[in-house]
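Dropping the structures in below, format is structure tokens.
Note that chain A is present in both complexes that follow, paired respectively with chain B and with chain C.
And now, the complex of A and B:
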């Protein structure tokens, strides 16, 4: 073991705590601001200690929204974000696992071309095909719908690759055994492969849920109705009005609410999260 | 690499790949193809007729100083974000890699910002550094700095870089920590026996052994700075003041939003596509090397 003197350890602790403080400071300010009076904040008089408006602000944010004319309760935005995130996460896993199954466990004409067609989508992020994709979704009458929010993002080369890699490591004997038991391809998939993939699916789900919840550019483009807004888009619209009219405590409460679900997932399911992150980057 | 034990079926495999294939063709390839076709066309002012103009849209784009500046800006942002975030994360990871009490707690407290969405990052930072009401701006002004990122382009750029780098710390930290833990302790012990002091051990042993991780993270950070900063920019500065924070992705978005030049917007998309292909190519070459490493 390399000697680590007491003094150096001490320094390490201090540096780490400084790092944590830097990382946490913006969020601390947001939480504090969400409990304070708007007039005080607007005057640049914000205190660095919690104020007394916690319940009031969060109640208004979740159930009523800002005081503007296009008010929309943030609770509703969160519901939209949740539906979109779940559709994206579950959808990606579902369609990727069955295509990986087909590619690994069957031989069929065009097998490799299809694999490459899926693989190359890695190089076509939504940012490089913004308006043409928008036009297709509009032509399919999917603007302002959950289908429009989720479907175009549901393909996943990463997830397909991941399941393909995992299936390659599954011993052939398992298939032989279940074939002796008289199981067909669907039975084998459902009874053997799916239970084996559980950890992979969970790790992937954690990452994809965060990814889905945090989508911004796509929902910004295809939602025009306020009641279809996701929370990420909603928060941007709250600070569009002239600065003087921005209700900062509500904006900050919305920021806190927007962070809550994904941060919760990272902290509580840390093992799965780290695994998912490392796996999807391979 | 192929499996030996497989199923025989004519139709089932096609049915299994059909959903993914349908989505990929409709929402990925078709729009990408449209962008490529569009980039060779010129539409008249009323959108009534289009003519095939070869590479005119591209030529025009590269003659436009604003586009050129946007390319330079994007690369500068990427570089600044990657370097600042990577060096800070490396420092923290090296500290967290030591056998300290509470190291799992440290990890938890450092990785959660990964989950904060870019537009929220933008909101948090503009609030802290808002010219009239930001809590940090007060001190900047007290220190004699004329702080107003809403009017000063350089300050706006600094703000974007700071916020974007902040968000990426957790990701870089996590991969650096994994990279550090993979370095065999015996190598460091050998260096220590040879009399190398900790700083020297770091630069001559740890750092070189970490280079695959650094290179991988560099590519990931550049991709991040190219694409994921959109949300940060859109909530903080909207590309302004002037065009001082307009990156390539933001330019595609805002040029198209104004409904202006479709051909130019498409040509910009195609150029971005080529950049992604190059970056992904580099990333995959590296992954191959990591496997053999």
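And now, the complex of A and C:
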């Protein structure tokens, strides 16, 4: 029996390793390709071992850009993406935690209708309301700006809902104790509710940052200037070239660079993230 | 230091439900008042009204000569200990105690003095830097007490503070609370459903039922002269034996002025003696022993009076169907199934009107 246990575990491990290989191989290819010479890749003679152009390719990618139609350095695109992702994550958390606080802790007229209106936005992602949203952003002269990139994506209910659920699990006695301790609504929010929401905010930040970073359709629509381009849009533009060979090493280097910030955020915030998703103790 | 006076206090919820139906209580300066009653009797609501956490829909609450009906909880000069302690989970023990003082703009040095003094009294000095989740239930309870003490309020409010502790700790903390309150001499209102806690802690005991006060007074006075059958059965463990006086056998023994009007006769388990004699003016009952409980220093004998069962069943109220509990000292007890006679003297009889709302003097 013990042998069979060992054997089964062996099989399970093989299956898992195959899974990892399937997921990791394209990433590996991207990293390898970014170090190779473009002519080799174009000939279909790419080696599966690292080439010698690592520093050269990445320098050109970050600071110069392709020589084709998009001459924007990827460093600038990354900055744009970073600003957009941070604005979306921070803006959404800030707005939704405040609205959830209002909905859970205050009795005001039309409280429930307002909650349901916020809730309904869940069913209306940017893709569905893309025309009116574009119109509004254009009318407000926010095309080709960070505000135009981030604001329409900040407005959504998921985070409000999450904070509402969390606030409803905070014992009422905590609020009452705060009231007796002389803390008004703002103090209670700042001194008690925010610290208690820390792990939830971290989990949400990870999710929202990646969501913002990976936006494609919306930035594609509202940015026309090359210097406002985000990295996800930039990659696509690099591939299509009219009169020259696609510079695959640079495209691959850009893809690798595009992966790094989300990976970094997940790795750094992993502990808080997991605690935010599973923690029940108040 | 302050008096707390409740004048005809009422609470009606928007749905029309009347939780508190006109309560009058006067708690003197430095007294320990205990509100006791079954679940849902309104005792916690009443306490929360004193704290300012529930609005008052009628009557007046007076703390230290000031009507506080419209005053915010923070400005009533009260401190409250909650059943689940309600400690701030993200703050250290020190900050939990200091928080209310900081919000009032007290100087940090004064806060430090007060918190350290409270920690010393409550033996929390070594735990000041810990978070609440690193403490045991009893320690959390003490932190909650500390948070109340450092404020040096006019009134302490306790909302079933011991009910989350295990039995042994509860008794220890009960004594601690009493000693602390005596030392600080702060007026206190304490809510519990445990009648033993109520009896041992109270200077003034308020027995509540259904949003109303059944009886107010010194705990022993209430024990000795319960005003209603509700109080009689709620205060004292095991509860007072209540039986209809209608059976001729009892009625004939109760010959006397008020006895004729009495509908219900109450006798505490410890007031019975097993004897063949009937004391003059007292009551004697034949019983069949059904169960024996020996708890060491005393023994409880559960007996039944079968022959009157149909009479008792016809009587309204909370009368147990013919079962009588007798408490006898020691471990000597009759055998199960034995026929015995128990008797109580006249002075130990409690007589009530048939609806149980009025006490009649024997």
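Just so it is clear, the second predicted complex is superposed on the first by the 257 of 282 C-alpha atoms of A that agree within 3 Å, B and C clash if a C-alpha of one lies under 4 Å from a C-alpha of the other, contacts with A are read in each partner's own complex, and residues count from 1 in each chain.
The criterion applied here is as follows: a contact is a pair of C-beta atoms (placed from the backbone, for glycine too) under 8 Å apart; a residue touches a chain by one contact, two chains touch by 3 or more.
Because the structure is a prediction, the values reported are computed rather than measured.
Chain B and chain C, once both complexes are superposed via chain A, fit side by side. When the two structures are aligned on the shared chain, A:52 is found in touch with neither chain B nor chain C. By the touch criterion defined above, A:195 lies against chain C but remains apart from chain B after alignment on the C-alpha atoms of chain A.
When both complexes are overlaid on chain A, the residue A:113 reaches neither chain B nor chain C. In the superposition on chain A, contact is made by A:41 with chain B only, not with chain C.
When the two structures are aligned on the shared chain, A:176 is found in touch with chain B and with chain C.
In the overlay built on the shared chain, the residue A:6 is in contact with neither chain B nor chain C. Superposing both complexes on chain A places the Cα centres of chain B and chain C at an angle of 90° as seen from the Cα centre of chain A, in steps of 10. Legend: residue contacts after superposition of the two complexes on their common chain; A:104 is shown touching chain B, with no touch to chain C. Of the two partners, chain B and chain C, it is B that touches more residues of chain A. Remark: least CA distance from chain B to chain C after fitting both complexes onto chain A is 7 Å.
Across the two superposed structures, the residue set of chain A contacted by chain B and also by chain C is 176, 281-282. Against chain A, the residues of chain B that register as touching in their complex are 1, 3-7, 9-10, 12-14, 16-17, 19-21, 23-32, 34-35, 38, 88, 91-92, 95-96, 98-100, 106-121, 123-128, 130, 132-135, 137-138, 166, 169-171, 174-175, 178, 185, 188-189, 192, 198, 201, 216, 220, 227, 230-231, 234-235, 249, 252-253, 256, 262, 265-266, 269-270, 272-273, 276-277, 280, 287. Contact residues of chain C toward chain A in the complex are 51-53, 72-74, 78-80, 82-84, 86-90, 99-100, 103-104, 133, 147. Interface residues of chain A facing chain B in the complex, by the touch rule stated above, are 1-4, 8-9, 12-13, 15-16, 19-20, 22-27, 29-30, 33, 41-44, 46, 48, 94-96, 98-99, 101-108, 111, 114, 117-118, 121-125, 127-133, 135-137, 151-152, 154-156, 160, 167-168, 172, 175-176, 184-186, 188, 210, 213-214, 216-217, 220, 232-233, 235-236, 239, 243, 248, 251-252, 255, 258-259, 262-263, 265-267, 270, 273-274, 277-278, 281-282. Contact residues on chain A toward chain C in their complex (touch as defined above): 171, 173-174, 176-177, 179-183, 187, 191-192, 195-196, 198, 281-282.
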